[in-house]
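The following blocks contain the structures, represented as structure tokens.
In the two complexes below, chain A is the common chain; its partner is chain B in one and chain C in the other.
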Partner chain A sequence: MADTPQVPEVNAPSRPQPHEKYPWPAEPTLVGKRIQRVDGPIKVTGQAKYSYDINRPGGLHGRILRSPHPHARIVAIDLSAASKAPGVKAVMAVLQPGAKVMFQGEEVAALAAATEEQADDALRLIKVQYEVLPHIATEALALREGAPQVFKDGNIKAGDTEEAGDLEAGFKAAAHTVLAGYATQVQTHVSLETHGCVCEWDGDKLTSWVSTQAVHGTREQFAKALDIPQANVRVITEYMGGGFGSKFGPDAQGIICAKLAKQAGAAVKLLLDRKDEHLASGNRPSSASKIKAGVSADGMLTAFDAETWGTGGAGAGSGFPLPYIYVFPNRRRKHRDIFTNAGPQRAMRAPGHPQGCFHTEMLMDELADKLRMDPLAFRIKNLPPEAPNAMWRKYFPIAAERFGWSKRHVTGDPTPGPIKRGMGCAANRWGGGGQGTKAHCEINPDGSVVMRCGTQDLGVGTKTIVAIITAETLGIPMELVRAEIGDSNYPFSGGSGGSTTAPGVSPAIRVTSGMALDALKAKVAPGLGVDAATLVASNGRIHVKGDPSKGLAWRDACKQLGMEPLAVDGQWERGLSASGTSGVQFAEVEVDIETGVSKVTRVTCVQDCGLIVDQLTAESQCIGGIIGGVNYALFEDRILDRVTGHMVNPNMEWYRIAGPSDIPTIDITLMNQPERGVIGIGEPPTISTAAAVANAVANAIGARIRSIPITPEKVITALAEREKTGGTL
Partner chain B sequence: MDHPKPASPLVSHATCEHLRHKGMYVMSVVDPAEFQFYDKYDATAYWCTKTQKPLGPDGKAAHASACHDGRECCSH
Partner chain C sequence: MKAFAYVNAANQQEALAALSTATRGRRLPLAGGTDLLGLMKDYVAEPDVLVNVKNLPAGIAVPAQGLAVIGAAATLTDVADHAALAKTYPALTDAARGVGTPQIRNVGTVGGNLMQRPRCWYFRNEEFHCLKKGGARCFAVEGENQYHAIFGDGPCHIVHPSSLAPPLIAYNARIKVAGPQGEREIEAGTFFLMPDRNMFGETVLEPTELVTEVVIPTPRNVSAATYEVKFKQSHDWSIVTASVALRMSGGGGGVVESARVVLGAVAPVPWRSLPAEQMLKGKRVDEAVAWQAAEAALADARPMSGNGYKVQVAKTALRRAIMKATGAKVV
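Take a look at the complex of A and B:
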């Protein structure tokens, strides 16, 4: 039971004491500017080597045979014909007779062959005899009376009940109540670079080029699963094409790849195809709710009572935060996880938050409609008090002004014609914060600098911020800095998830480069006849503070190192990062009430993330998050056939994502909070887009669609329902 | 250096050594106000290092509440 009120407490680490020795500069020359990615040119010219681009001498191609059944027992596996097929060098059963498969696409057997075609041909020669078992494809089927119990502990796992306040008193105080249900779909990750790796053994040492969000974490899991020392594993991820939370280890395919490579005595490349990716590499679980909520006549939330459920597939949970952000003083929420025979969920960008945001923000609009109150004013009235990690009271008006909220019409666009326009809004929050990263800095006698850190760049610009902070601290151009990341042989850094990379890595780079600079100052100070403590680095010089003429050019200073590079190791320290972000988004849509097609035309985003390290890449995070949110609102949907349990759209044709013409005009205002230090921005901007879009659709057409994706079919159906009842909301 | 022993407030010394979730690899600093903007919830995706899936070798769900002493496939 919750025993704390929904009131923020402002203390560290949401607003830390600044770092004593290496605080962020008050007047930075690089930090916070619009700086393009250091690896942009080699990415757009195709020179960047992703895992798929790694071709080892004599390398083989791996393939996985997956279950066609959503639930079955394996009776027999015959690998003999496949093992004799041309080019085949290794074959293995992943599951043994007697084992059960629990979802379509589960790994059953695998092989490696000299060419992709030989691997594909041989895979068809593996004979698997299945005993097909009853399956559950959807939450509704799992909840049906008499449903087959396909999981050993039952199809339903009841979660805790969270309660606070006095629910009965809350409903007594309500002048209006809303009783409604909302739902969100299963969304697969759709990373442009699929999951997988290349594995190569040298005796008992494994090197793997993996598409992963955690080079060190993946090394640990390879070692654990293969029962070898971590010291014998090296994981490399120089470039990566997205992960969104789904790439935190080698996965089944990684372990299979390593075993095939061992068996074959050759490197094996095993990356998933798009169908595999949809079936088995993770997803955002579905969510559904039945909510009763009350509001007083003066627009204050009084009560919230919800039952929620969702499916994370075979054996995985589906929790999400609810109610989200707004203060319901009296509340109760019961949640159930529904197990289905479907590919299991994994962490996906802001796990749980887009769902919780959608349910709550839809409800907020419905309550505002009951009151005949502007939904924005209603929201602001019910927000927690303002704090560094709770800035919605400030951000909503800023975004409303930029967006033109004053032009919003009441629900149901009265404009003649088939195109109806509407506006909606929603808030988000996320924790972020990071720690634990270590780094190694070398200043070379020629003035070049290497900063090594065992973090990884998911495609968001981590390598760039490493170079920015190093150059900023050393007072040199970024061109002199080589940022080396994405290798488990480099100093430890945590996995890139939960918006923790920038706040975990940035302080480590600041401290390490600051220590390196101090060491260089100590080398050059005697020659200048000054105390090293009086020296600063700026504009490519090391000089006495306040007297740039008394000093040395950077390269001349570095020459004094002689033949020995200067090398220091540093790590993350407190006072340079924090956690807790807030943001708001407004969306404008156009809905064609003849075709039912919705189009998001504009999104306005006001978002904080603490100290902005690179304005450009921070904005890019917002753009990517908002596009993902538009996809969630209008397009993406994993559809399972109720009868066969098969996914009917495991591709990028029928599993729809936005194309260029679907992407709205995006207006981003980043609220810099330098006094808080660095906080991540990976998760927040994707949280509230779908809720804002769904509210905008309701505002446009005067009928509320309470589930996403908002398909043309749902729009037409909602309009028909509204026609039948003869009214608007 | 080796990866620090994967740890998490969600698992204890009694939990199976093969249980994993993302939070064990992400070095986060939790905002003390985290659960003052919403109540507790569990969005954790667990997996087993033996199966690399959210089901253990015995076919039951891999979860902090289930992967501990008394389960046959559990080890420390």
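Take a look at the complex of A and C:
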């Protein structure tokens, strides 16, 4: 038996010592309430300026020529015709003769012209001579005997074998075994705002409006790549249309944009088009498995033996956690990364977890079917012990009740007619801790407050929670607070990845506004003739604790600052945030077995994230995550032509994304854990949707589709197969 | 997108005059632009001149007696929302309602819908120089063909994308066309051409000609319906569409005197199925007859490597269209 925990994060001690000076309020007035985004109105009325909306005087449009070949050597690049084309102000080769391109869409050359159309036209005048090399389009082709070895160290990189317990004994103890394989597709991020930036030079100072998840990280990378001091670079991201893990620096296009701007002596806007975006800005790797698993007659998992593989594209990994959450005491897992000539992967919303969850949760249902046991009861039996970051035992029954799990039929909807309904469920876990954020707060003599922090809002509501926490701490209405974020000239905050932003930023804001309040209290205490320590701020007043009449209105208190605003700097401190979330999701689907079309009708989500800062924005993360999960389950698929290796659907037409009518009814229950402090919620809600949906489809139609997306083609093929063999689940 | 000149024709005459010297692909009519602009941005179409044809007839008339007339410049929304059309030609208005998204329907026109180019992903991506673009091969044959044709045997395996064409053919509509030689009327069923007859276009229309109107006979004793199968509920192309028009015999009793059956998204042209029509003739329609008609319609299907499932989808679409035409409730 294994004595090391299967998943190190699970059951980690996660209850922080509360912060001594500025603990979260026991009875908050704003924190945890349903508060609208502060920038909602200007976003929906089009006034918010995203990078794409930045137009500089005399600005040009940059475009990148990308390799049409998935694998080739550059022989020659001729820029002369393009440089003479109408409107063109700068042209550059990105790669030099002799260099290799490893995927379709890799950057080869670039230019800037007065209009976007001129830039696009001129791009086609750049003449590149390629020596086309053999390529590998798919995992299957890479694994084929005699496949061309296109990567330096081979097409396949074997990873470590993870092992625990005694596998042989585990299988001996099994009353039933399941042998099955599962697979997930490559999914691209499809941020609505594509990657890119606007660059403008003033001498050797660069200002760049970048669509990025890391204003500070992007500044560093610009400085390094362009060999200028970090102090000379300013990165601005006031509003952003999503990144999902794919936007952590200037990227090739940012550096190209800066160089074109320098060459042209004018500002250049370079944002990718949708095709570039699908090809070259990252993706979630595919995953595939062959698993043998055993379960005892009384429904305890005994053994798990898996071979897994996946492709993260050209030279990039494809790892994912497996098995996921449930306790397999005896287990072995071998993983191989398969390299293909396709755009490399990048972190994508809960990297690896949706894959690990899918493989494991599909398997759980198959094992439960073997046992003829309710899959929910079976799951609960095999969960790790309960802990603050491992609350599934509690959440599963809550969600089951809300969802109506008791109405679930055994596998295969017996209702006559072509529409079959089914239910499925799955669990998730995530880290979501953060730190290392600084902030600057100014209280002005007129009572207005500025809170400045160099974090960024990916569209999730960061600016709103900065305003909420500041207003909560100062006891004033949010309208008095101006939250300023998204600028590398503001105090440092880290990149927004791994659901670290809320737990990184919230404590810094709490501490900084707490310090500002202390300073103000010290200023007004003598006038009130009390000790500053007796003062509190609430309801727009600073007053003696327990005696609101003995005090001052906020504005009157601020007037005492005279001419000089009060300014303090603070930073993240321990005791206000934590790490480790858990959640569960249930899905209901309707499958038309005569057309193969599946529709997700309902999703129920029970999720925690420590202390909830804003109920609305937290729910919004769940909604977005679930919609993303539905897309992953049914629609999204990066399809590469098996012959040429070109992506055939680099658009939003055949790369399907749910529209409003494809989105299920979503029921969200957030479990508040105020004692733990703030934890991120960006990633966990997207993890288990696809697994729950796929389980629901199997429950509906009585045939298991072991790979996503669940297309009509797969449903019809699976049903025809079942008809042929006469088998059921 | 390649730079082009624009002729803002005020009416049909001016448009025809501007197109009188047109050669294939060089001078093109521009209606709503929902199709053409995308092709131009993707460098699949590179015209020198665009001629505005939004000022062509745009009215819709549905007289109690005689022919219904729809102007080429009528939008898909005009068609979808037209109460009298919906009453007499539900198979057409249903199809119009299913097109793309509200934005596409508000801008896309009837003429443009019939003349739109295929959605084949090899055709639409610049880097594939396929047969239809003058190249040497059809990439779909050995490649990704899950949405391609199950009828027609190539050499190009597109499916015709128009949602309006199947019901128009089922209603036996005619397409009015004007050109330098004057006007002509073409049966909707012969308007579209297979790739062996026209590789670089999908219809009989000459580059100098324009679609001006669609005329539809009054359906007497006709029960018609369209049934589309889409993966997404909106903003998606049909996997298969079926339109049927059943002319019921005068004596009542629900016997089919004659039928017109057209499948969409299964072949390079809207695919009229004579075997299904034959099967329905003289029958009293019920589920079993609808099944037989669907089996008959797909008996000759020749799926490619990756689209065999479309045979099943097409059978379902047709069966449901037939039952819907009889007034039965279908899912």
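Quick note on the criterion: the second predicted complex is superposed on the first by the 718 of 729 C-alpha atoms of A that agree within 3 Å, B and C clash if a C-alpha of one lies under 4 Å from a C-alpha of the other, contacts with A are read in each partner's own complex, and residues count from 1 in each chain.
We adopt the following convention: a contact is a pair of C-beta atoms (placed from the backbone, for glycine too) under 8 Å apart; a residue touches a chain by one contact, two chains touch by 3 or more.
As the structure is a prediction and not an experimental result, all values here were calculated from the model.
More residues of chain A lie in contact with B than with the other chain of the pair chain B and chain C.
When the shared chain is aligned, no partner comes close enough to touch A:Val630: not chain B, not chain C.
In the superposed pair of complexes, A:Glu117 makes contact with chain C only, with no contact to chain B.
Shared-chain residue A:Asp592: touches chain C; no touch with chain B. Using the contact criterion defined above for the overlaid structures, shared-chain residue A:Leu474 touches neither chain B nor chain C, since it reaches no partner. Legend: residue contacts after superposition of the two complexes on their common chain; A:Val600 is shown touching neither chain B nor chain C.
Contacts of A:Gly249 after superposition on the shared chain: chain B is touched, whereas chain C is not. Legend: residue contacts after superposition of the two complexes on their common chain; A:Gln230 is shown touching chain B, with no touch to chain C. Shared-chain residue A:Met515: touches no atom of chain B or chain C.
In the complex of the two chains, the chain C residues touching chain A come out as 1-3, 43, 101, 119, 121-122, 124-125, 127-128, 139, 142-144, 146-147, 229-237, 239, 306-309, 312-313, 316-317, 331. For chain A in complex with chain C, the residues that touch the partner chain are 68, 117, 120-121, 124, 417-419, 592, 594-597, 599, 634-635, 639, 641-644, 646, 648-651, 653-654, 656, 658-662, 711-713, 716-717, 720. By the touch criterion given at the top, residues 1-4, 6, 18, 20, 22-47, 49-55, 58-63, 66 of chain B touch chain A in their complex.
Chain contact summary for the complex, chain A toward chain B: residues 2, 4-14, 100, 102, 106, 151-153, 157, 159-160, 162, 164, 214, 216-217, 219-221, 224-225, 230-231, 245, 248-252, 254-255, 282, 312-325, 331, 333, 335, 339, 344-347, 351-352, 356, 384, 387, 389-390, 429, 431-437, 491-498, 500, 503-504, 577-580.
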